[in-house]
Amino acid sequence: MVANASTAARANRGRGSVAYRRAIPYLLSLPALLVTIGVLIPFVTAVVYSLQRYNLAFPQGRAYIWFDNYLQLAMSADFWHTVAVTLIYTLATVGVEMVLGLAVALLLQKRTVINDVMSVALVLPLMVAPAIASLMWKLMTNTQFGIMNYLLTVVGIQHFGWATDPNTAMFTVVLVDVWVFTPFFSILLLAGLRGLPSGPFEAAELDGVPRSFVFFRVTLPMLMPYILTAALFRMFDSIQQFDIPYAMTQGGPGDALMVFQVRAYLEAFTYTNLGKSAAILMVLWAITYFLSQVMIKRWLAMREKAHGAA
Amino acid sequence: MSIRSLLRALGLLAVGLFFLFPLFWVLMMSFMTNADILRSPPSLIFEPTVSNYTSLLSGSLASQVGTLNVDYVQNLMNSFILAAGSVVLSLLLAVPAAYAFARFRFRGGENMAFTILSFKFAPPLLVLIPLLGYFRQIGLTDSYIGLIWVYQLITLPLVLWIVRGYFEDISEDVEYAYRLDGHSWWETFTRIALPLARPGIASAGLLAFIFAWNNFIFALVLGSSRVQPVTVGALNFVTASGIQYGQIAAALVLSILPTLAVALYAQRFLVQGLSLGAVKG
Amino acid sequence: MSYLQISNLSKSLGRAEVIRGLDLAMDHGEFLVVFGPSGCGKTTLLRLIAGVIKADGGEVAIAGESMAEVEPEHRGVAMAFQSFALYPHFSAFENIASPLRADGLAEREVKQRVQEVAGMLRITNVLDHMPKELSNGQKQRTSLARSLIRRPRVLLLDDPLRNVDAKLRYEMRIELPEVLRQFETTVLYVTQDFKEAMALGDRVAVMLDGAIRQVDRPANIYRRPADLDVARLFGDPPMNLIPTRPQRHNGGGITVRLGESVLDAPGCPERLLDRECVVGIRPEDVHFLDSREGDCLPVRLEAVMPLNVRTAMLVTAPGALELTSSAWDIREARDEENDTAVRIDLNGAVYFDPDSGQRVQ
Amino acid sequence: MSSLSISNVNKIFRSSNRGQVHAVRDLSMRIDDGQIMALLGSSGCGKSSTLRMIAGFESVTSGEIRVGEKLINRLEPAARNVAMAFEAYALYPPLTVEKNIAFALLRNKESAAVIKRKVAEIAQRLEITDLLQRYPTGLSGGQQQRVSLARALIRPADLYLLDEPMSQLEPQLRATLRGRIKEYLVEHQLTTVFVTHDQTEAIAMADRIAVMDGGVLQQYGTPRELEDEPANLFVASFIGEPPMNLLAGSVADSADGLALDIHGEGEPIRLHMPQGVHSDAMHRELATDRQVTVGIRAHRMLVGEQPAGAASAGDFVARVTSNQWLGDQSHIGLDINGNRIFLVTENPLDAHTGDQVRLHWPVEHLHVFDSKSTNALFHGGVPRSSAATRTPQTSEALGA
C-alpha cells in the first residue's frame, strides 16, 4: 500500500491559502500593537503643547510660539537646577545600589540555609511601592517621634532634619531609593554569580591563585554584562523618578528635590502651564530615548550573538 | 571563626537590619496607640492594640478634629481591580505577540517588538498630561477601563519581554514534531507552547501585578477619587491633618501586604521573571 | 522518476550559507543514509524536507509533487529527532497517539494502533510513563513509534542512536532495519558515525559543507572515495594519504616512491605518470609484521591505538614517512624495542589529484 | 611524581530532597609512580566523585587518600600539589590561551624564557600553537579542551587528574591526539588518573583500568585482564565493542565430563566440556547444577569448517538475521534457538538473511558466570582466581 488512507486524505485537505499563513505572525501581534499604538496620540499632542504658549489660566493667550518654551528653559536657572538635582539623584542611587547590590550578592553566594532565607527576605523591599516606601520613611524620620532620630541621638548626632532640611533632603530620598531598589541589583547579580561556570574558580583554587586576583581578573569581568544591564535599567528609573521625591516632600523643601517629572507635574497642575511642562518632558524624553537606543541595541546584539549561530 | 567569617556574619547582620527593620518597625507602629508612639524614648515594650485597623476598616477615624470619613477599603479594592485587570489584559494581548516574535522571523517583527518595548521607557507624565484632557472629554477619568488601558504601558512590555524569552527557551524541535504529527500551528501554540511556557507566563503575570499595584503616577494624574488605588489613597491619607500616626502605619501595612504575600508565595517565579526579563532582554 | 527529489536546494541561517545547491534523489522504499561531520548542515536538510523551515532556493518534491507551498502537516513526512523531542507534559501513549489524534481517529482505533506499534518497538510496558521517567533507549523508541504510527510517505531519522548507550546501539542497528521493513516507507537516515552509515544504508550520501560529495553503495565509497575529504572522513582510523610522484622505469610497471622505498603500483592510472598526486592506502592494507625478513618496510612503532576488535599502529618508516597500520586482533602487547616492519599492498590503493582533491580513475 | 593509593574510601552526599546518596562505596586501589590509571564507567557510577575527592573539591566521608606517603584527605586543594584538566573547560575567559596555559607557572616564578619554551612544546604537541594569542570564548569545544589539557600537563605536580579529557575532541583528531598525550605522559613519567565513559579511550591510554558501577569498584586490572578475564557480568558486557554475547544456561552432567545447556526456544544447545580441559575444580564448582551464563566475544566465534586442534566446546548451526560489511570488518547478527548473538569477522561473509552457518565456540574463549552472583567462574576452562571481586580487594592483592 503506497500511502495509506489517512496520509492521502490529509494530503489534499486543502493547503490553507498562502496569504493566510504569512499573515499569522501579524495576526498574533496586531492586538498588542493596536493597544500601545494608541499612546501615540497623546504623545503627539504633548509635542504640540511644547511648541505653544498654553496656560489653562489664560486660555485666550494660547498660540504657537515654536521653540520659545525651550529657549526660556535654556535660560532659566530653575531648569538647570532641575537637571543638576536629577543628575545627582540618578548617579547617587545607581552608584550606591550597584556597590551595595554586588556586596550583598557576594555575601549570599554560598548556598547555606541562612543565605537562602536571607535571599528570600531581601526581595521584600523591592515589592513595596516606592510611594509607600517614601511614606514609611517619612514616618520613621519624623523629627518628633521617628525611630531614626532616636537611633542617631544614641550615636550622638542631634537635630538631623532628614527631609525637612534642604541640606539633608537629597540624602533621605536617595536612602529610600537605595532601600527599595538595591534588591533589584542583588537578585540579578546573585543570578549572574550562580550562573558562572564553576570550572575556572576550582582551577584557580587548585593553582593556588590569590582570592583578590581571581575576583578582579576573573569574577568581575565575567559579571560585567549583568552589572551593566542592571545599571542601565536603574538609570532609566532614577532619571524619571517621581514617586519617591513627590510622596516625600512634593519636590520641597524649597526646590531641593525638584527632579524633572516633579517639576513638570507642578508646572502642569499648580501653575497650569501645560506648554512649559510639555517642553520639560520632551527634554527628559530625548535623554531617555537616547539611553533606550543604546540599551536595546546592545541587547539585540547580545541576543543575536546568543541565538545567532543556528 | 576566622576573621573572614566574622566579617561575613557582621555584613549579613547589617544588611538584614537595613532592609528588614523598616518593615518590622512600621508593623509595630500599626499596633501602637498614639500615646505609645509619641513616648520618648521609643521602646518595643507596649500594649498592642488593634484599634488602628478596626477604625481604618470601618471607614470612620476618630481624630483630634472629630471623625473623618476615609474609605481606605475602597482604595484597596481599586488597587486590586486595576492591577488584576491590567495583568489579565496584558496576558491576553502580549502572550500571543511574544509567541509571534519568538517563533516567526518576520520582517516587521524586530522593529514592532522594539516600538512596544521603547514605550516602556517614555516618561509617563509626557503621555498622561495630554491624556487627561482626552479622558475628561470622553468621561474616562472616573472609570477603571481608562486606567487599565493606560496601565498597559507598564504591564504589556514587561509580559512581552519575559514571555518571549521563555518561548525562545522551549526547543523548537518539540513544536516541529507536533506540526509534523499533523497539527496546525494554532494547535501547536495552544497545546504545546502555552503549557510548556506556563512558568514563564506565571512569573510575568506576577511581576506585572506587582508593578501595576505599586504604580502611583498614573492614577494620581488620571484617576478620580472613586477609582484611586491604595498608593494615591495612602498619600492623601497621610497629608490629611490630624490623623493618628498609628492609623497611618496601619494604612501603609495594609497597602504593602498583598505584594509582600505574592513575593513570599511565588519567590521562585519572581526571581526567575526578574533575572530572565532583565538579563535576557 | 525518483520518489523523493531534491534539486539545487539552498538555505542560509543568519549570514552562514548552510545548504549550497544540494541535489539528492531517492527511490520509493529506499533506505538512504546521509553521512557527514557535525555542522555540515544535515539537520537543516531534514528540516527543509519536513517543511518546518522554508528554503531560500531550489525545490523538494515527493512523488513528483512540489512541496514548495505545502505545510509540514500536509506533506505526509515524519521525523524522529536526535533530541527525541517528546512532549514532556504528555504520557508516552499520548506522545505516540498524537498523529492519530490529528487525524481525528476513534479512540478504539487509536488504542489498537498505538499498542501495535509499541509492541513492535517493545515499549508496551512503559506507555503510561511520562517522558522524564523513560531511559534514553525507551525515549528513542517512543519517538520512533510516534513517527512510524501514521505510515508516513517519507521518514526522516536525525541521528537517532546518538544519545543511546553502546549496548543498545548495536541491538538497534539490527532491529531498526527489521522494524522499518514492515512499514514500506522511504527512509532518510542522518548520522555522524560512518560505521552506522555502512551498516544501515542501501546507499550512502556523504555530505560536506552543505552539499553532497558522493552517493554510492557503502562498500564503494569506502573502497573508492570521490575526493580527499571523503577519504579522510569515511573510515576510522582515517586512510593514509601520502603525496608521491608515480614513475615508470625502463618499460616495467608503474612504481611509486613512499618515503625511501619504491613499490609497484598496479592500479595507478596512466595519466598520473610523472605528475604530483596523493596515494590513498587503507590502514588494513598496511600489514603489520613481527619480523623484518622478506620484502617489507622496516618501521619504528610510535603509538598503539586499540580500536575494539582491531588495533591501529602509528609507525614511521625511513624518510619520515608516517603510516597507520591496522591489524586484526593483536594478541600480545607490543613494545617499541623489538624490530617491526610493514608490507604495503597497493592493489586497493586509490589516487587523488592534489589540487582538485578529486579521485583519478 | 609519586604513587597514589586509595584505601576504603566512601563518599556519602546528604542532599535535602534526595536524602542520602552513597556515591562511592569502600573504594580501594593503588597506582605506582609514573603509571596511568583510568576510572571507567557510565554516568553516575561514582568516577567523577572519586576524582574530585582526590583533587579536594569533595570531602572524603571515610577512608584515606595518599599521594606517595603523604595523607591528603584534609589538605586544601592548593596544598595537594595536584594538577587537573576539567571537563567543563575551566579556562579564564579574560586571559589569552597562552596566559591561561602559563598561569600556574607564573606562581612558581619560573623565568619567562623557560615558560615560553614549555608552553611552545606542549602547544605543538596538542596542535594549538596557532591559538596561543586567541581568547577562550572564541574557541570550539575541542580546542578549549586541548588548552585545558595543556594547562594541566605543563605544571610540575605530584599527580595529574584529567576529567573526560577527550570527550569534545573532533573524531578524526581523537585517535592521533590520544597517542600524543600518552606519549607525553610516559615520556615525563607523570602519574595520571583520568575519568572517562569511553572504554576504547581507557584501553588505549591506561596501564590500569578501574571499572566502576553504582559507586562500587567492579574490577581493577590491565586492559588485557578486563578483556580476557572479566570479573563479572557487568564488566563482561561493558568492556568490548560490540558487547560480549551472554546466554542463559544451566549445568548438566553428561557421560564424558561436563556439559552446559543454553536455553532458548525449543531444544537447548549442549556445549561439551571435554574432561581433559578442565581441572576438577570446575567440575566441583559447576556440578551443583547452578544456573550459569555463558559468554563469548563476537570476534571469538569461528565460522565454517572446524579448524583442527582448537578444542571446540560446541559445534552447531545458526540462522543469519543480518549481515553488514563495515569496510574493515563485518558485523553479522545470528539467531541460535531464539537467542540473538553477534558475530564479527575480518573478511566479508557471503551469507544472506535466513541462511544457515556452522559455528564453533573454541573452549579457550568461553566465559562462564554464576547467574545469581554474576561473578565469573571460568575463563577459557581456567577457574577464575578464588578471590571474587565483589568483596573489597585486600591491599596485598593490589597492583602486585
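Read from first to last, the chains carry the letters A, B, C and D; within each, the first residue is number 1.
Methods note: a residue touches a chain if its C-beta (ideal position, glycine included) is under 8 Å from a C-beta of that chain, and two chains touch if they have at least 3 such contacts.
Quick caveat, the model's predicted, so the values are computed rather than measured.
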{"item": "Number of steps on the shortest touching-chain route linking chain B and chain D", "value": "2"}
{"item": "Leader among chain pairs (count of C-beta contacts)", "value": "A-B"}
{"item": "Between chain C and chain D, centroid-to-centroid distance (C-alpha), Å", "value": "27"}
{"item": "Chain A and chain B, separation of their C-alpha mean positions in angstrom", "value": "15"}
{"item": "Distance from the mean Cα position of chain C to that of chain B, given in whole angstrom", "value": "57"}
{"item": "For chain A, residues contacting two or more additional chains", "value": "10"}
{"item": "Sites on chain C at which at least two other chains make contact", "value": "71, 73, 103, 150"}
{"item": "Sites on chain A touched by chain B in the complex", "value": "10, 22, 24-26, 28-29, 31-33, 35-36, 38-39, 41-43, 45-46, 49, 103-104, 107, 114, 118, 120-132, 135-140, 142, 144-145, 147, 150, 179, 182-184, 187-188, 191-192, 225-226, 229-230, 233, 236, 240, 242-243, 246-247, 260-261, 264-265, 268, 274, 277-278, 281-282, 284-285, 288-289, 291-292, 296, 299-300, 302-303, 307"}
{"item": "Residues of chain D that touch chain C when the two form their complex", "value": "42, 170-172, 175-176, 178-180, 182-183, 199-200, 203-204, 223-224, 237, 240-243, 298-299, 321-322, 324-329, 331, 333, 340, 342, 344, 346"}
{"item": "Touch list for chain C against partner chain D, complex", "value": "37, 165-167, 170-171, 173-174, 177-178, 192, 194-195, 198-200, 218-219, 222-223, 232-238, 282-284, 302-310, 312, 314, 326, 328-329, 333"}
{"item": "Residue ranges of chain B touching chain C (in the complex, touch as defined)", "value": "171-174, 176-184, 187, 192, 195-196"}
{"item": "Partner chain B, residues of chain C touching it in the complex", "value": "47, 50, 52, 71-73, 77-79, 81, 83, 85-89, 98-99, 101-103, 146-147, 150"}
